[in-house]
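Chain nomenclature is as follows: A, B, C, D, E and F, assigned in order of appearance, with residue numbering initiated at 1 for each chain independently.
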Amino acid sequence: MFRHVKQMQYTVRVAGPNPGLANLLLEQFGGPQGELAAACRYFTQGLGDEDPGRKDMLLDIATEELSHLEIIGSLVGMLNKGAKGDLAEGVEEEAELYRSLTNGGNGSHTTALLYGGGPALTNSAGVPWTAAYIDTIGEVTADLRSNIAAEARAKIIYERLINVTDDPGVKDALGFLMTREVAHQISFEKALYAIRDNFPPGKLPPIEQYAHTYYNMSEGGDIRGSWNSDENFDYVADPQPAVDGGDGLSKVTLSDKQNTHVENMAIRTQSDPTINPLTGTDLGKGIPKEQQ
Amino acid sequence: MFRHVKQMQYTVRVAGPNPGLANLLLEQFGGPQGELAAACRYFTQGLGDEDPGRKDMLLDIATEELSHLEIIGSLVGMLNKGAKGDLAEGVEEEAELYRSLTNGGNGSHTTALLYGGGPALTNSAGVPWTAAYIDTIGEVTADLRSNIAAEARAKIIYERLINVTDDPGVKDALGFLMTREVAHQISFEKALYAIRDNFPPGKLPPIEQYAHTYYNMSEGGDIRGSWNSDENFDYVADPQPAVDGGDGLSKVTLSDKQNTHVENMAIRTQSDPTINPLTGTDLGKGIPKEQQ
Amino acid sequence: MFRHVKQMQYTVRVAGPNPGLANLLLEQFGGPQGELAAACRYFTQGLGDEDPGRKDMLLDIATEELSHLEIIGSLVGMLNKGAKGDLAEGVEEEAELYRSLTNGGNGSHTTALLYGGGPALTNSAGVPWTAAYIDTIGEVTADLRSNIAAEARAKIIYERLINVTDDPGVKDALGFLMTREVAHQISFEKALYAIRDNFPPGKLPPIEQYAHTYYNMSEGGDIRGSWNSDENFDYVADPQPAVDGGDGLSKVTLSDKQNTHVENMAIRTQSDPTINPLTGTDLGKGIPKEQQ
Amino acid sequence: MFRHVKQMQYTVRVAGPNPGLANLLLEQFGGPQGELAAACRYFTQGLGDEDPGRKDMLLDIATEELSHLEIIGSLVGMLNKGAKGDLAEGVEEEAELYRSLTNGGNGSHTTALLYGGGPALTNSAGVPWTAAYIDTIGEVTADLRSNIAAEARAKIIYERLINVTDDPGVKDALGFLMTREVAHQISFEKALYAIRDNFPPGKLPPIEQYAHTYYNMSEGGDIRGSWNSDENFDYVADPQPAVDGGDGLSKVTLSDKQNTHVENMAIRTQSDPTINPLTGTDLGKGIPKEQQ
Amino acid sequence: MFRHVKQMQYTVRVAGPNPGLANLLLEQFGGPQGELAAACRYFTQGLGDEDPGRKDMLLDIATEELSHLEIIGSLVGMLNKGAKGDLAEGVEEEAELYRSLTNGGNGSHTTALLYGGGPALTNSAGVPWTAAYIDTIGEVTADLRSNIAAEARAKIIYERLINVTDDPGVKDALGFLMTREVAHQISFEKALYAIRDNFPPGKLPPIEQYAHTYYNMSEGGDIRGSWNSDENFDYVADPQPAVDGGDGLSKVTLSDKQNTHVENMAIRTQSDPTINPLTGTDLGKGIPKEQQ
Amino acid sequence: MFRHVKQMQYTVRVAGPNPGLANLLLEQFGGPQGELAAACRYFTQGLGDEDPGRKDMLLDIATEELSHLEIIGSLVGMLNKGAKGDLAEGVEEEAELYRSLTNGGNGSHTTALLYGGGPALTNSAGVPWTAAYIDTIGEVTADLRSNIAAEARAKIIYERLINVTDDPGVKDALGFLMTREVAHQISFEKALYAIRDNFPPGKLPPIEQYAHTYYNMSEGGDIRGSWNSDENFDYVADPQPAVDGGDGLSKVTLSDKQNTHVENMAIRTQSDPTINPLTGTDLGKGIPKEQQ
């Protein structure tokens, strides 16, 4: 269950109305790296996680992100307040207000005011928030990596927003929010490293033959680094199609008999790196080894 | 520039038509963790990256993901082939086909066939692919973390798809694709660790006072772990609002004079952890220290 | 600021695994009438409302809807638990599980399991939640009417979900949630009626001449009711185009002089119902009365 | 069947080209509160309604909204006409036009011109119209409430658009459209009140014990009003979790036997307010009363 | 202005309830090739077109498509009618109904019933209609080609729907609707061919040097046809990068002086096919010819 | 399989930074008529096509469109380069940059910079790319018509972009890209005309009685042209509802017996134009001819 406390987690101070800045801040209210996205990401993971400690952490942080959503939404409302205040005065002032803002042009900025100046669940370009931003998939080592990356991205957006304003109260609050993303990133990293065998994620082993290969798919000069060095990878300078030794085309060929065969092999230990551990296919020939 | 080679990177073999499985495989064609998403993520990063080695890696892997997109799409087409083949025979057969597939019910599965049985850029529930899935933000340490997480998620989806089928040719190809995600994850991790000072991402330092705090926002028993241990964090068992020492409300208070002041402080070294390095605000009092 | 309490607002009991029902319940997790939509609707209104009592009510109810989101999400997780539990056993069982669920076909149901069986922010057809569902516009009498309607719709969806299941624990929890929508609807109606002059919404008066007209736009027999009776409305049996007395076409005709004129009239009292109070246009002739 | 009349319902006059205003008006062409949304809302309800009078009203108003869509679309075209006219002159003029509009910047405004200056089915920020805006659910008392709210919202958007322009012809037409929303709102209210027992919507009764409770979920001072007064509600100042008397956790507990039991109880009259009428659960104890 | 006639353009007869078929028909109600998409495509074009004959044709056909939308929506309602009728009986029957439909599984089909069984603006997989389906761009030769293609696609979807059902009344109505798409396609082709110089669309001429080249981008055997024959095209068997003769990289090189120069050349006649008519660049050398 | 060549297909030259223009160019990166849409349209068709020559053409052109996507993306990056370069200098410069760009206002333009200045998969208004733009349906004559239309639209957008800039290098590259759309349009037209019996698309014949009728649905003066002339069409000046001779209402009437009857008739030759060839219904009477 959730409770709400009428004081916010951080005091919101603004120097004065600034609808343009209000609109930019929407990026962290209803944008892809924003606080609603963060809260929803961790909340859905927390509900699905059966480890009590990790579930707790996920719900703690989800709850804090909701508190941050409140801070950002309040900043938006304060920065639009003059605008909204003027709206309450009378139609003449409202007209003046809109005209001064639109400057003969238009933008998502004006749309936000058309909607009343409160915080809207859009990004700074006016695009409605979508759950397509949420990448929870219910496997803990993948989800924690997603969280680490999400916190890193959110930190950067806060940094850019801090650089785009000179209202000290807004900078102050954004600095707090930016810092909390860093703290959360550390928590998620600690939680990931607390899991043994966190790589590769999941239960199925990779196929040895392809797991350490780097295909240089771009012609025009090789550039080598730790990400494709021979120490870490088999570097293939001129990749050819059909790495499985087949013909690289599509066909209907396998019998029902092999079907059963594969079932039995699915969990066997992979002792021969030239055999696909999932199907027993000889990777050099494209057909099951037993049939050669 | 891209070139296409008519042979695929991996030979596609299917045991026979299976439109239901074809539909599930759409998850990796037009779904959030699928190959188009992967290719677009790395391609947009690669175009924007100015480090030649990393740019190269990103475009290599983007190109390989496009080749994987072709493999998945060809599998979808092959598995729907009976369906599509029957469609070519005549209207009676087509009617029979559809009726046998719908079983008096319906689903995104049937929609896929309504669209002709070729690979459609939707996930397995029929939701069209959207660039909202792409989380590129143009800061390399954040983007590489996003890539590591994306590869982990894709690996898991392949693993689940492998478990849901017993067609050995499909399992075989999916095993290859799953393995390549693991290899790419390693490349991205190597590339991240090749960057000095990759944490925290970006240029602005966190505010020391909030960077190592864990707020226990969930009442009902504390559970501790490395993600909130006192060794790593200041653990706040009963968080109160207004951590900045203010009143937790929103207000218009700051003068223009402070404004300039803040500008000058933005890049100074943070020597006093109770001062917000961005604005010079004394974090215990909610006002700039110099004014006390 | 928000706090989380580890116990839920209502105890969640399920008779056993039921992934099909879990999927249907997603309608109230990530669907248009669901709990996230409700929480976001009231939260955005509450942040923007300056009346302390109404702001309080909106945030109270938003917070309760978050607590309901937790209940629905926990039901989804419990109903998928067998599925998820089996997933943990090993690949063979996972394969069996998926195959039994898909029945050779497919649907958004299977997609949900592909995503790990936790609660996903989609509706029951797999469509991701979007802020396009949120109709907050920042004018209180319109927003309260939107809330009344939203609660009515949510009540109906819960009723249909109750009818679709026979798991008594699920029925029980859904009955609680359905009832709370009714209670919230009453609160919003009370709040609306506590506002004087709540109709018509906003500040500009309607143009008298068109405010009580009913145009019978459908040929083929008149049906009359209170919604178009002569007592309430001027009933126009055979509506003609150009009700303003013009020619019904589009043209560039008005001078700059009229422009200023209109400005001055915008707030005058509407004493003559044949005059457009916004522009002074004589509604019978399509030109300003002063110019006749 | 629909027919089109070449004259519009209202004459469209504009003082001159004004692409910025054209763009704002798109809000009521392809925006959430716009005329396409209105027409689609009532048309889908009308097709599904079996009461001949109400069906008629819904299709009458849907048809009028299509006529309004034509008015708004024609205004947009007229206001862009200079732009479009210039486009026809030659490439030099087109270039000049675009450059003058973009002012070195950009916005959804320019995008609209890139698309040719005709009315596009987007809102004023360039977001494409989506049926996610349509909240028809096929239960008449809920749908009529949705319509009342939708008309109230549309009235407000027209009011804001009237205030943002000083083109008297545009103000005039918007005044007509705004007024018609008021008239439609009255019709929908009359139609709702013509239905006996229109509250609560649907067929299932609420659970008495929770139907008149107000939970004060926000700590920090109580504010009371008619929406949570003791006269209307049982006011719970400090809500606790597990209002059903359970433990607030999730569990698998109920037997198959109860399953049948619940079926039989589903339609019984609710004589004891401490019993959940849907399941017979004793609300104070969290288990069926018969089992105590 | 629009009028509605209570009789439909075509009589709707169904053999009996069939919710599964109802759901498939939604493809032409709220799907990408459906009647709302058609009506919106032609309506937006018609409002923007200044040729009176073509405007008339576009609005005639838009109006007919609205009448078709009514036919499809009525078919959906009739086919769900048993379902909806049963819903009115009582909760027991409703429960029975849902259970029989879901078969322990789920799908967009069930979602449609959750929404009340009326026609919803989604496709057959439950995806909400979006104006992203509308490709109007305000240039008549492009728009007419879009319309020809749209009618062809709609014809095919109707054909597939006819094949998927054996309800003769539904087949009959779908046959009418399919035929009308053919008639509309002919009208749009006639209208396109009535425009002189309809190819290439627009005003700017293509650059001669690249306008008749076919790049064989796929290695692995050439296949020639009229679409890449030497008669029609310069066939480039092994395309190289940097076809402009440059180095294929990106750079900042051009001076302000060239800038002005280009302005003056923009409308000159293209007399030399090796010169880019837009900029005067010598296409063989990557720099303006005058500077060589 | 795809390969990447590090040189681009066309050299990208820009005169200097121009973030506003960069933003406009996004229209062809992530907009509906852009290069990703083109590549995806032809790639999905190519994978599904079984004619080897046409498949080859589709994949050739898809591959070239990917190469164009690279060109546009590189232009965007170059034009934002100053911005991005300044971002790397330090926080003060970044702040200055943002402030100069936002000018106290905002727009999708600023959002693009918030995302780091690299190419984002949105259109120029910031709307994320969606596969709803892709109209592939897997029937070759419809798909080729869709391609012809898509190339025509893309040509127009390039033309408008050329007119909106005066950077000669950008104009040059856009001229190349515009020209290639023309060349592709020719290829698709050649491929369409190479198919015998390409009209009407698909296999089912239209119903003769309705295939050559033009319904004049718009009252207010007839305008005739080749698209509705008596030579091509039966022109119906005053269309009546129920063109099938029925009553234009919806009803349940047909027996199971007719059901079988229809099945047998589905493929018969249409010798009598007053009979629906799909169902044998006498079109003048609304019932099967055999029953009269």
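FYI, a contact is a pair of C-beta atoms (placed from the backbone, for glycine too) under 8 Å apart; a residue touches a chain by one contact, two chains touch by 3 or more.
Computed from a predicted model, the values in this text were never measured in an experiment.
Asker: Can you list every chain that touches chain A and also touches chain C?
Answerer: B, D
Asker: Minimal path length between chain B and chain D through chains that touch?
Answerer: When the steps are counted carefully, the minimum from chain B to chain D is 2.
Asker: Based only on mean CA positions, could you tell me how far chain D sits from chain E in angstrom?
Answerer: For chain D versus chain E, the centre distance works out to 28 Å.
Asker: When the C-alpha atoms of chain C and chain F are each averaged to a single point, how far apart are the two points in Å?
Answerer: 33
Asker: So, what's the distance in Å between the C-alpha centres of chain F and chain E?
Answerer: 5
Asker: Residues of chain A touching 2+ other chains?
Answerer: Residues 1-9, 56, 59-60, 63, 67, 74, 77, 91, 95, 105, 107-108, 116, 122, 125-128, 130, 132, 137, 139, 156-157, 162, 166, 203-204, 217-218, 239, 241, 248.
Asker: Considering every pair of chains, which are in touch?
Answerer: A-B, A-C, A-D, A-F, B-C, B-E, B-F, C-D, C-E, D-E, D-F, E-F
Asker: Can you tell me which positions in chain E touch chain B when the two form their complex?
Answerer: 20, 23-24, 27, 101, 103, 105, 107-109, 123-127, 156-157, 160-166, 217-221, 239, 241, 248
Asker: Spell out the residues on chain B that touch chain F in their complex, using ranges where they run on.
Answerer: My answer: residues 1-9, 30, 36, 40, 43-45, 47-48, 56, 59-60, 62-63, 66-67, 69-70, 73-74, 76-77, 84, 90-92, 95, 115-122, 128-132, 134, 136-139, 203-204, 263, 266-267.
Asker: Can you list the chain E residues touching chain F in their complex?
Answerer: Touch list, chain E to chain F: 5-16, 32-33, 52-54, 56-57, 59-61, 63-64, 67, 74-75, 77-78, 81, 130, 132-133, 135, 137, 139, 141-142, 145-146, 148-150, 152-153, 155-157, 159, 162-163, 166-169, 171-172, 174-176, 178-180, 182-183, 185-188, 190-191, 193-194, 199-204, 206-207, 210-218, 223-228, 232-233, 239, 241-256, 258-259, 261-263, 266, 276-279, 281, 286.
Asker: Spell out the residues on chain C that touch chain B in their complex, using ranges where they run on.
Answerer: Answer in residue numbers: 1-7, 91, 94-95, 98-99, 102, 104-108, 110-111, 113-114, 116, 122, 125-128.
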